[in-house]
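Letters A, B, C and D mark the chains in the order given here, with residues in each chain numbered from 1 onward.
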Amino acid sequence: MTGHNSNDPAVGGIAADRLRSIVDRYIRLEEEKKALAADQKDILTEAASAGFDKKVLRQLIRIVLTKDKAALETEETLLDIYRRAIGVG
Amino acid sequence: MTGHNSNDPAVGGIAADRLRSIVDRYIRLEEEKKALAADQKDILTEAASAGFDKKVLRQLIRIVLTKDKAALETEETLLDIYRRAIGVG
Amino acid sequence: MTGHNSNDPAVGGIAADRLRSIVDRYIRLEEEKKALAADQKDILTEAASAGFDKKVLRQLIRIVLTKDKAALETEETLLDIYRRAIGVG
Amino acid sequence: MTGHNSNDPAVGGIAADRLRSIVDRYIRLEEEKKALAADQKDILTEAASAGFDKKVLRQLIRIVLTKDKAALETEETLLDIYRRAIGVG
């Protein structure tokens, strides 16, 4: 049976303790992630109060996070060409 | 050059007419999709006014759309076992 | 009871026929949307075989679909300023 | 000008140092989040090797994370009624 472990108290053949440990550890990490996301939100709020534009700031951050800068540059050049080709300024 | 087609007026080597046709056709389909999505929204609004719960209705629709009903049943059975194993009613 | 309609055969107090009609109509629209999405995929495949870059093409389409072109232009100008300010070419 | 701060070296009127600090802090948190997500992935991989079903495990975790258990129970009861009403086992 899935997740069966003989020396573990089982419910419906499931190693209940093992399952609970897995779920608890996963959720602890989820809560840490949520705390970090809240901190990021605070940074954007701080930036907005300093006069920066949140939407553009996110675009900037995506660019900074882009690993392959050369590929990014090629795409941007091509996008400009496509835009001019169909007259979308 | 990408999308280059000799007998097509080109901008930066791009077959401008071909690109415009591609974009126009894609966008026409996008607008049709948006119209259908608006109709779906109307159906959910109608359902809500008839007393149905929109969130649960979406869950029901997801279940009906699930191709592999046997797999769905197996998952639901397993989820029940996992829930009982860690005491999440 | 939710969705209760006295002259409709009910299951658990639910107007079953009304619910089925709602679900069927919603799903018919969902299938039409899927067909349109498949057509869009074909257009992108055609574009790629004509030498266009799919990723950049999607970016172009997003720009064309943007209603507020003035806002888009302002954002793009600001993004350039932010990029130069922190030296991200 | 957006994000202008007189005693900060400016580029296009932008407080460059302030912007860089904001971006750097945000990205440090993003990398911490990615590390936590990688740890979560490891836990699911461990769970799978112990015989648990990843997809069902995620559903279980979503249920455990649901704050309002009473609302969840109401939804599940209603979903059962809707399913029986239209004969979707």
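The criterion applied here is as follows: a contact is a pair of C-beta atoms (placed from the backbone, for glycine too) under 8 Å apart; a residue touches a chain by one contact, two chains touch by 3 or more.
The structure presented is a predicted model; accordingly, all values stated were derived computationally and were not measured.
J.: So using the touch definition from the top, which pair is joined by more C-beta contacts, A-B or B-C?
T.: When the contacts at A-B and B-C are counted, B-C has more.
J.: Taking the mean of the C-alpha atoms as each chain's centre, how many Å separate chain B from chain C?
T.: 7
J.: What whole-Å value do you get for the distance between chain A and chain B if each is reduced to the mean of its CA atoms?
T.: Centre-to-centre distance between chain A and chain B: 22 Å.
J.: Tell me, which residues of chain D touch at least two other chains?
T.: Each of 2, 15, 19, 23, 52-53, 57, 60, 64, 78, 82, 86 in chain D touches at least two other chains.
J.: So what shape is it, when you link every pair of chains that touch: line, ring, star, complete or other?
T.: Basically all the chains touch each other, so complete.
J.: Taking the complex as given, what residues does chain B use to touch chain A?
T.: 2, 10-16, 19-20, 23, 78, 81-82, 84-86
J.: Help me check something: in the complex, which residues belonging to chain C touch chain A?
T.: Residues 52-53, 55-57, 59-60, 63-64, 69, 73, 75, 78-79, 82-83, 86, 88-89.
J.: Mind pulling up the chain B residues that touch chain C in the complex?
T.: 1-5, 15, 18-19, 22-23, 25-27, 29-30, 32-33, 36-37, 39-40, 43-44, 46-47, 50-53, 57, 60-61, 64-65
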